[in-house]
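Shared chain: subunit A. Partners: subunit B in the first complex, subunit C in the second.
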Partner chain A sequence: MSNRELIVKIFHEVLDTTDSCLSSTLEDNTVLLDSGLDSLGFAILVARLEEELGFDPFVEMKEAVYPTTFADFVKIYDERKGAF
Partner chain B sequence: MNTLTLEPFSPQNTDMVLSWRNSARVRCNSIDDSIITKESHNLFLNTLSQHTSKRYFVMHMGTQPVGVLSFSGIGQDQVTWGCYIGSEKISPGTFPLMVCIAIKFAFQFESTASLHSEVAAHNHAPLKLNQYLGVDSTGEITKKTTSGKVVQFMQFCVSKDDVKKVLDKAEKILTSSLRTQLNSFKVLNEQ
Partner chain C sequence: MTLSELIKHSPADRLLLVAGEKHLTAQAIYSRIEIIREQRIPHTARIALEVDDHCEALIWMIALDGLVTSIFLVPTSLKQSPDYPELRHQANCTHAISDQEIVELSANQTPPNREAETEWLLATSGTTGTPKLIPHSRKSLTRTCKTDYTTGRMFTWGLVYDPFRFAGLQVVLQALHSQSTLVLCNVDAGVNQIIDELRAGSVNALSATPSFWRKLLMSGKAGSLNFRQITLGGEPVDQSILDALKNTFSLAKITHIYASTEIGVGFAVKDGKAGFPADFLNQTFSAGKLKISEGGKLLLETQNTTTTNPTFEILDTGDLVEQKGNRIYFLGRDSGAINVGGNKVIPEMVESIIRQLPEVVEVVVKPKKNSVLGQLVTAEIVAAATELSNVQLKEKIVTHCKASLEKHQIPALIKFVDEIVVNTTGKISRI
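So, the complex of A and B:
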């Protein structure tokens, strides 16, 4: 399973866990803040991804970058995976 | 590993704190929604130095300042806390982390029996987080902000008996590095 597929799968799980609704179809250009997940949802998403992938790319960043779109979010995980 | 520190308010962090506190994003969720001047902030710093029951901190994750945590009632049985996130660039999980730090900081004092907070009813993220963590809602109150707006606030309370339950739930939504930071956070220049 690619990072993207895993993220999409867990993203939907977290929407259910937090009683949130996806505002529209999750696309690469979906703006995260408008996606339907709030700060609680993103905390859970990143914690769940750490369980699956074994790393938290945000804590490892020297300078914090908050992704704007869904594609930016996936890229952070792809780049971290590729770096090791 | 990044360390998590609480730096007390001081003249050195005034400009940064005011740039956060005076942003529309923070003021719209505050009872005092006025613009705070540097002069009045300096007077406030003088007051803080004379009242040990009030503690105001800038929270840093590594070298990055991320927000403010405030406490009043330290040394008494009821402590009240508040927070706001200052930086636009924060790691996911920062907000639940702030809740955990508030609980750990407040209940390190023997006298603390309960930790209280108020959240504007239109501020959905903290309301949802409190609900998710099982923090008891104790009521609601209507208040007039400094600018005269009437705002409904929801009141929350963590009692000493609930600390473990809430922290256990919160730690499940933190990544392992954030949990490590939480368990080793430091208060700078503690008197």
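So, the complex of A and C:
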């Protein structure tokens, strides 16, 4: 499973457990803040991904990067994975 | 009456202490006390009692009460802690007594008060920080002890904690005051071995934390025990554990007590329900009067009668409570709260909700560091034998939580484990 596929899967799981709904289909250009997940949802998403992948890229960043779109978010995970 | 006088006044052949193969009657204990007293320990001595063997340690404690200026009761786990040397320094000890020897420490500079009774120093468990020394007197520690020998002699108390921790000491003093037999269990052993020791000693009265009682119920061997008195304390007591104990030990009286090293015994609840009646707020207990702060913390108003003008002092117990109707419920420790993006979550409260499910035998809720919100709530679960898969049980837990908890209080991560670790005072470790 690619990072993107895993993120999409867990994204939906978290939507489900937090009783949130996607505002529209999850696309690369979906703006995260408008996606339907609130900050608690994002916190859970990052924690669940850490459970699956064994790392939290946001903790490891020397300079904080705030992803705007869904593609930005996936890129952060891809780049962290590529670093090893 | 000093503790050695209590022993002297007990019937000589009354069995008071059992530890493994050792069976000590009142007479046997008193002979040991006399040998200790021949060692001529000065009245001015401030003793650090570091004896590891619990039975020996108790005999020393009984012998020294009323004989020396102060006794610092050192639990085994504290002696090994890096905080111990500093605490012993604060206690101004002149002598340290261990299994092997009596060591004279530096001379005490403070003048002793020969008139005053022996001061007892107890250490807090330090679950939420550095352990502190709390001074007590025999009187303050025994004010709630029952002294009815006729009933007392029908009880055999088990001790599953270090006798020098507050909860353990309460059991010791209660047993001595009512001439009950006290069976000292191997506190480092697993629950199965402890159950064997309780059964071998015909123990019918036990005081333990809710976490210990849950483990005992999970062991599958609880049916081999017969309790007449069950006491719970040290952690919030929820309705599930009270009901489970009532179902398993139908003949037992079940009491949950509110006590701590700092305040002593606060009050006891005997109606089989979690929390305590709101009426308690209007009553005066031996420890003081209960109040609730605006932030929902339980406060204790104590009266200081040692000075000529009695003063009132408000103690913050650090316990969070909430009132529902005529009942007040404990939510957990204020200092243990998890901070989810500025929202406070009390782990014990979440645990009590999850524990309502029959598929859950034990649960611990802990914080997990999170890069988005600072902390998140996580839960470790010991599941009962169930037809549900882990995924299905996780879903059931989340659905159940949603019905009574706010979004941020619901565990974001749920992990299944074989066992939940408790610390030396029998409480769940959340670190």
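Here is the rule we use: the second predicted complex is superposed on the first by the 84 of 84 C-alpha atoms of A that agree within 3 Å, B and C clash if a C-alpha of one lies under 4 Å from a C-alpha of the other, contacts with A are read in each partner's own complex, and residues count from 1 in each chain.
We adopt the following convention: a residue touches a chain if its C-beta (ideal position, glycine included) is under 8 Å from a C-beta of that chain, and two chains touch if they have at least 3 such contacts.
In this text the structure is predicted, and so the values were computed from the model without any measurement.
In the superposed pair of complexes, A:46 makes contact with subunit B and with subunit C alike.
Once the two complexes are overlaid on the shared chain, A:25 sits clear of subunit B and of subunit C alike. Judged by the touch definition given at the top, the superposed model places A:56 against both subunit B and subunit C.
Once the two complexes are overlaid on the shared chain, A:65 sits against subunit B while remaining clear of subunit C. Among subunit B and subunit C, the chain that touches a larger number of residues in subunit A is B.
In the three-chain superposition model, subunit A touches both subunit B and subunit C at residues 18, 39-40, 42-44, 46-47, 56, 58-59. Only residues 2, 64, 87-96, 124-125, 128-129, 132, 172-178 of subunit B touch subunit A when the two sit together in their complex.
Listed in rising order, the residues of subunit A touching subunit B in the complex are 18, 38-40, 42-47, 50, 56, 58-61, 63-66. Those residues of subunit A that touch subunit C in the complex are listed here as 17-19, 39-40, 42-44, 46-48, 51, 56, 58-59.
Remark: subunit C residues 340-341, 368-373, 376, 398, 402, 407-408, 410, 412-413 touch subunit A in the complex.
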